[in-house]
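Here the chain labels run A, B, C, D, E, F, G and H in written order, and each chain numbers its own residues starting at 1.
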Amino acid sequence: MGFISNDIIIEKYLRKDMLPTIFCTGCGIGSVMNYALRAIHDLNIDMNETVFVSGIGCSSRVPGYIYSDGLHSLHGRAIAYATGVKLANPKLKVIVFTGDGDCGAIGGNHFLHAIRRNVDITVISINNFIYGMTGGQVAPTTPLNSKTTTTPYGNIEYPIDLSMMAKVIGAPYVARWTTAHPVQCISSIKKALQKTGFSFVEVLAPCPTSYGRLNKMGNTLDMTKHFKESTINIKLYEKMLADGKTTDKMVIGELVDIEKEDFNTKYNKFCGELK
Amino acid sequence: MGFISNDIIIEKYLRKDMLPTIFCTGCGIGSVMNYALRAIHDLNIDMNETVFVSGIGCSSRVPGYIYSDGLHSLHGRAIAYATGVKLANPKLKVIVFTGDGDCGAIGGNHFLHAIRRNVDITVISINNFIYGMTGGQVAPTTPLNSKTTTTPYGNIEYPIDLSMMAKVIGAPYVARWTTAHPVQCISSIKKALQKTGFSFVEVLAPCPTSYGRLNKMGNTLDMTKHFKESTINIKLYEKMLADGKTTDKMVIGELVDIEKEDFNTKYNKFCGELK
Amino acid sequence: MTNDVIRLLGRKDLFIQGDDAAVYGALIADCRFFAGYPITPATEVAEGMALWMPKLGGVYVQMEDEIASIAAVIGASCTGVKSMTATSGPGFSLMQECIGYACMAEIPCVIVNVQRGGPSTGQPTEAAQGDVMQAMWGTHGDHQIIALAPKSVQETLDLTIEAFNLSEDYRVPVILLLDAEIGHMREKVVLPEVVNVKVDERVPATIGPDKYRPYRTGFTRTSKVPEFAPFGSGYRTYVTGLTHDKRGFPVTTSADVHEELVRRLIEKVQDDMDVIWYHEDLFLDDAEIIVISYGTTSRPAVSAVKMARKSGIKVGHIRLITIWPFHYEKMKELLKNAHTIIVPEMNLGQMVHPIRETVGKDIKVISAPKIGGAIHTPYEILKCIEEE
Amino acid sequence: MTNDVIRLLGRKDLFIQGDDAAVYGALIADCRFFAGYPITPATEVAEGMALWMPKLGGVYVQMEDEIASIAAVIGASCTGVKSMTATSGPGFSLMQECIGYACMAEIPCVIVNVQRGGPSTGQPTEAAQGDVMQAMWGTHGDHQIIALAPKSVQETLDLTIEAFNLSEDYRVPVILLLDAEIGHMREKVVLPEVVNVKVDERVPATIGPDKYRPYRTGFTRTSKVPEFAPFGSGYRTYVTGLTHDKRGFPVTTSADVHEELVRRLIEKVQDDMDVIWYHEDLFLDDAEIIVISYGTTSRPAVSAVKMARKSGIKVGHIRLITIWPFHYEKMKELLKNAHTIIVPEMNLGQMVHPIRETVGKDIKVISAPKIGGAIHTPYEILKCIEEE
Amino acid sequence: MKAGIRISGFGGQGIILSGVIVGKAAVFDGFNAVQTQSYGPEARGGSTRSEVVISDEEIDYPKVESASISIIMSQEAFFKYASRTKREGIIIYDPELIPDNKIEGDFKLAEINATRIASELGTKIVANIVMLGAFNEICNLISKDAMTESIKDSIPKMLDLNLNAFEAGKKNVKIINK
Amino acid sequence: MKAGIRISGFGGQGIILSGVIVGKAAVFDGFNAVQTQSYGPEARGGSTRSEVVISDEEIDYPKVESASISIIMSQEAFFKYASRTKREGIIIYDPELIPDNKIEGDFKLAEINATRIASELGTKIVANIVMLGAFNEICNLISKDAMTESIKDSIPKMLDLNLNAFEAGKKNVKIINK
Amino acid sequence: MIHVNTNYCKGCLLCVEYCPKKVYVKSEKLSKKGVFPPEVKFPENCIKCHLCELMCPDFAIIVEDKDDK
Amino acid sequence: MIHVNTNYCKGCLLCVEYCPKKVYVKSEKLSKKGVFPPEVKFPENCIKCHLCELMCPDFAIIVEDKDDK
């Protein structure tokens, strides 16, 4: 399996004058960006008709580096902005980059309702289990008992599972991987981009600066290894379940892949009927 | 099975100077209020230590009629206000009355996060499938193709299932009934009130003025009958599933009843450890 | 487009309410995206849009709340589609963060605020003019919006078109300040003749994507408004609410970049004050007392001034049509011969602040507030005039 | 309680930043509920609270956003617990609807706004004073809040305590306006002596539940602030943001009820202006030029005024500590002998508006804005003084 | 010519719609007209009011102070608004909804059992149109043609029912005193 | 006495913490001190600055214009801030991070390989404390006791490491020119 | 005794429907609220099940227990 | 040719770890960014799998295909 060289990515997809990124040493956001661009390249998506939308957070800085239209909105609002972009010009490919806080905390409701509406956008959520940009506060995804700057005695709130939520609310495509799964990530992002309707790809990513440091998880390398160990592929998981076994590990893999009429299709249909 | 007389309810639980209610002829909200008060009476709950919290909407007017502390907050914010009340004074019994719009549209995120935190409050959501107070606009619960004043050509957005959402996010008690199930409603509200942690009771209720009228569903009587026909009890449903059958009907009944440590218990525990 | 709309609307003389007029105005102005959330007394705007948009190839979407509504409107406008939302006080308060975004990123949009009694949920079905200061100062940080206030249903239609024009011309959010009275007031409305309707579009990019800088001004004009390349046009624009340079990229620790940007955002509007600032005056020539009003309140004010004139009082009237920006110089000029100014408002005194600021201590400025829902009667205003 | 806190904090001389001082002030004022959401440069307030609250039997909760934060704060305050949140511009904009609610329902709460460069996300790490007008006018409808602005870390601690006192005394949201500079500035702070700390509590209900009306005033005092019965005290209070009568029940179509309520909400604060309005002045006796400033900006302003005095210029200084309500009469009095007023602000001219309104045309009012993050240097202000 | 018409009752009776029909009819007849309204938070049952100012000149002030014609459909509204009718003005009311309809003053009173008549025609909800028939019969302010045209334009559905209601109103109204 | 100290470098180097330590130490020595800071949106790597004003009088203006002492830990910061040092002021820098350290003007220059020394002590992150050792060695503004006390108070964890770093800084600093 | 509070009653007639003993009928007289309330036509049939009270969304019915025969 | 852009590189050394042929080692020299970047020690071992580029979160490595032997 061969990968293309970075020079193609840099030349074709990046705003060179914006590099280097503001991300910390070993931050996983850069990896997810890299994977996403490779997926786009593979699909030969026209960057003139692609809009990257984001909220506020480290992860939300991604669109600033990508050479396409970009909409760096407000904290939590990326999906609502993206809904406007997509509905107003359905020709555009709309891709949202969002952090777990941006998507799941302040932005939780927009996430929910865009799924419900089945707006045809792809949301890539970089889940680093913490608020990176503001320096390491608890996120809705932070595991129980984890240390953050606002849970100095350990987190007592049950974390939310964004992908499971997306699944239950009815997103037609949902996948979760970690930065330690580049190939799978790229392949899922490709599928997501090809899906008509709301597609969601969650990528667990290391934030060594905040989450790693506060929870003594070592550097990016250590964290990446930890991801491998603390996750289980859905296929394996389902087998386990069938065998009556359970696990604490986080399920990764392709969680949903169905067909479902999206908002634009439905809207155009009834507009058509009106004429 | 005997019911108590309304004079007890009126004398003990209602603010007589506020009656009659502002609800329309045959509106189901009054019924749910009636059921809830009967549950409270049965449990002998101290109204001096009970706070009813609501947002904005017809359903949110309920606390105004109940003789206890009441907090009529802002549209969508009831659960966030209630979280403050409960955490600041854990001795209080906190009951939220909320509409499907209040709870699921503008308030969706607070709903989600209060469940996640497992705040020890009881949320009673009156689902009339529409925005009543503002005169009949589409709600996130409005069925596909239904007519509302903002979906004059029929609703194209997939409705959300509030109870299923509560279940998946992890609420320890979830039940759904309709106003046509007074006994079950009362019994579920009682269980909800006794549960430590987030409990959710959704009651499908007729809004003859908006939903009924726009969708030609007749009067309250007709709508109530329709509820009976278009719902299926979870036990029956599970049997059907087991038999490999499916149905379009909405599942009602007790959907979740588990034990799960609530926010206050966890918080007090670690506060205790600090000392 | 406009043509089609006027044809579609059919009969030229309508008997419609203010909320409907805002809908028709928007349709005529080529608004093709509406995202909103119901709220009394603005709901009818959404309902009208839900009815019309699908017929015109536009999009109506009811979002999950007001924040999502204005957010979607901004997103839609980035694609070059004229976009609008409508709300009332509580929703307007919720929109403030996004309104600041639209100011900062220079995304045109029109926000209709059908004012009701506040603060808070207050009096949902009663009229007020309680959000006029908020319209200017509601979002954090220095900024400049445009706000217009019509006095009749006909003018609601006309000013909605103008709101879109100004928004596109200056790339700034424009707030149309109605109130519950006018929103639900029905009057005869004459649809404009197709040929008479002026519909502006934002200035498109005049140079190629390679040279284009989204926030550089002065490509082809001296104006401080940058040219616009919609999403999907191949210009690959980056839009952010952070302080950005001319390329649109975040530069958040440079005082110079910030100052240049924020000053321009304000000056692009204020420099054109003479064009933007609409007003109407009556009997000013020899007026010693001047009544200043806006919106619905102007109607009893004009009645009162006419009555007072009949009894020989030298009184005039100024109606503010453009509420913000406030034209201090022009107002100073208009007011220079007055000895007393009376400002009836359906609030406890808001526009009276910039008016006092304009004239200082020499001229007596009387605030004539009225709140609670009922509009001033002509007699109440007349009494104020007569007492002077 | 207060006693415990001061003991717990240990060493009396601290070298802490403004955000921390707000935390300590709150703890000393008996704040026992904090709900917040992180945002630069206010995050440290939340972090401090997360550390301290559990030790003091108080509650810290990080909510899902700023709306939920202020909502939870209001809910908590209804139970009689002193409550606070902290944010910066974007979050402050989001809180506006709930702030109006707190005004309307008269629920005490303290909101710390550590101002950063706006509009929009602007300059997250840079200081500004861009939200002062918003503090007064940010929510819809007529209302009156109280806003205070400290100039030092020590004063941040002191004014946080005062913010709680005023909020409890007047049952009104109090906004503590810091900025990124002072929020992250570290200085020596001396904790107050236990005996010297004045900590006010809202006036409790003085009559039984049967006679008590939550919004009736004048039970025991002439004040326009109603007595308070917390949730759970057996008084069975109904709290709403709708216009309500003295019993607290919605009455939303009566002009009289609305007017009486909203006027009282404003007057209860404004009537006590002489008590609430804090300022500090320097060299006013013979001053012909007066520099008016507030918050961080006062520091270079005072430096500049001292320098100018050394070179013989008759210049004085007024520092606004209470920003809102604005004491027009007192200011008029203080400014009557000046011929020029200079108003340096870290915005493009906001408080200069009420100041101009105060003095009118006779006195020259010069706005000396500076934005972008850096605070004024004394020389910049000195130059303005010297030019007059 | 300038006339102010106040229609009052409770939510659900179609008070506001009545105002719209009258205002629109006036415009059809070539007048200027402004219709305003006032209502409470209740979808049904709250007190509701609709006012129409009709004039051949431009209408500045859009509200009705003393009404030339009061059309009243609830007891509460009768207490509140009947007396706020001009001297020699007309008060039209449904006596079954307003058992307590004594009033002092120089008014023309007209009764019409609108709600009952409407019920008999099939549905209570056209009671407002019955009232408008009565109004049209008693006051020659607006032409019958304009009124029926306006009803058609405003309620395209169930036209026959509404026109019947209108006619029934015209036929059954009773003037009580001059 | 009044002195302004400016510490600059990039995010992650502990620039702000250094300022806090210096300011707190000054307070321990009985001075007034104000520490302010400036940083960008980056958690790591962005340019960062911390300023401390130390005085025996009240400090109105809290910022440093020309620094009495500049402590510099990045090339970019050197370009930006080295020259904004007072005449005869002191510039302390890490030459490995600042290969291009030529500067004209009447300054005292002092070099310390803080990052390398810190790495050798076990971790780069104590480079800032090495710089502070150098600072304390060269400027007799603040007592050594106050400095170590302040380090203890500010970084309770890994105290030995930090005190070693501080001492290493004191020992290894080299004055380059007068 | 069965009391129908015509000030509270909005005329939905759920009581008429749900009374197992058909105690109520729709009244012929408009109430002040403009609705046709229930009329207690056959009080003697009442078995004090209180179902009408439970089903009335408006607390408009009180069936007194004490006059139990 | 393998290029390490030390202006982009932040020193996470994922490249060192993930390179299947151990082409990289940690440099001994601080870069201007204050980090120890990778050093291309054994370029001859490179098999052009581009894995280091894929794993580098900072687009700091370019492995040129064209100088394929």
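Quick notes on this structure:
In this text, a residue touches a chain if its C-beta (ideal position, glycine included) is under 8 Å from a C-beta of that chain, and two chains touch if they have at least 3 such contacts.
Given the structure is predicted, the values throughout are model-derived calculations rather than measurements.
With contact taken as defined at the outset, chain B and chain F are each touched by A, C, D. Compared on C-beta pairs in contact, A-C and E-G come out with A-C as the pair having more. In this assembly, the C-alpha centroid of chain A lies 59 Å from the C-alpha centroid of chain G. With each centre defined as the average position of its C-alpha atoms, the distance from chain B to chain E rounds to 40 Å.
For the pair chain E and chain H, the distance between C-alpha centroids works out to 85 Å.
Across the assembly, chain D contributes 54, 64-65, 67, 90, 97, 101, 120-121, 124-126, 240-242, 250, 252-253, 373-374 as residues in contact with two or more other chains. Each of the following residues of chain E touches two or more other chains: 38-41, 44-45.
Among all residues of chain H, those that touch two or more other chains are 10. The touching residues of chain E, when paired with chain G in their complex, are 10, 13, 44-45, 73-75, 96-97, 99, 115-116, 124.
Interface residues of chain C, counted against chain F in their complex, comprise 242, 250, 252-253. The residues of chain C lying in touch with chain D in their complex are 67, 89-90, 92-94, 96-97, 100-101, 103-105, 115, 117-126, 128, 130-131, 133-134, 136-143, 240-243, 252-259, 262-263, 265-266, 347-348, 350, 353-354, 356-357, 359-362, 371-374. Those residues of chain G that touch chain B in the shared complex are 7-8, 10-14, 17, 35, 49-51, 53-65. Chain contact summary for the complex, chain A toward chain B: residues 105-106, 108-109, 112-113, 116-118, 140, 153-154, 156-160, 164-165, 168-170, 263, 266-267, 270, 273-274.
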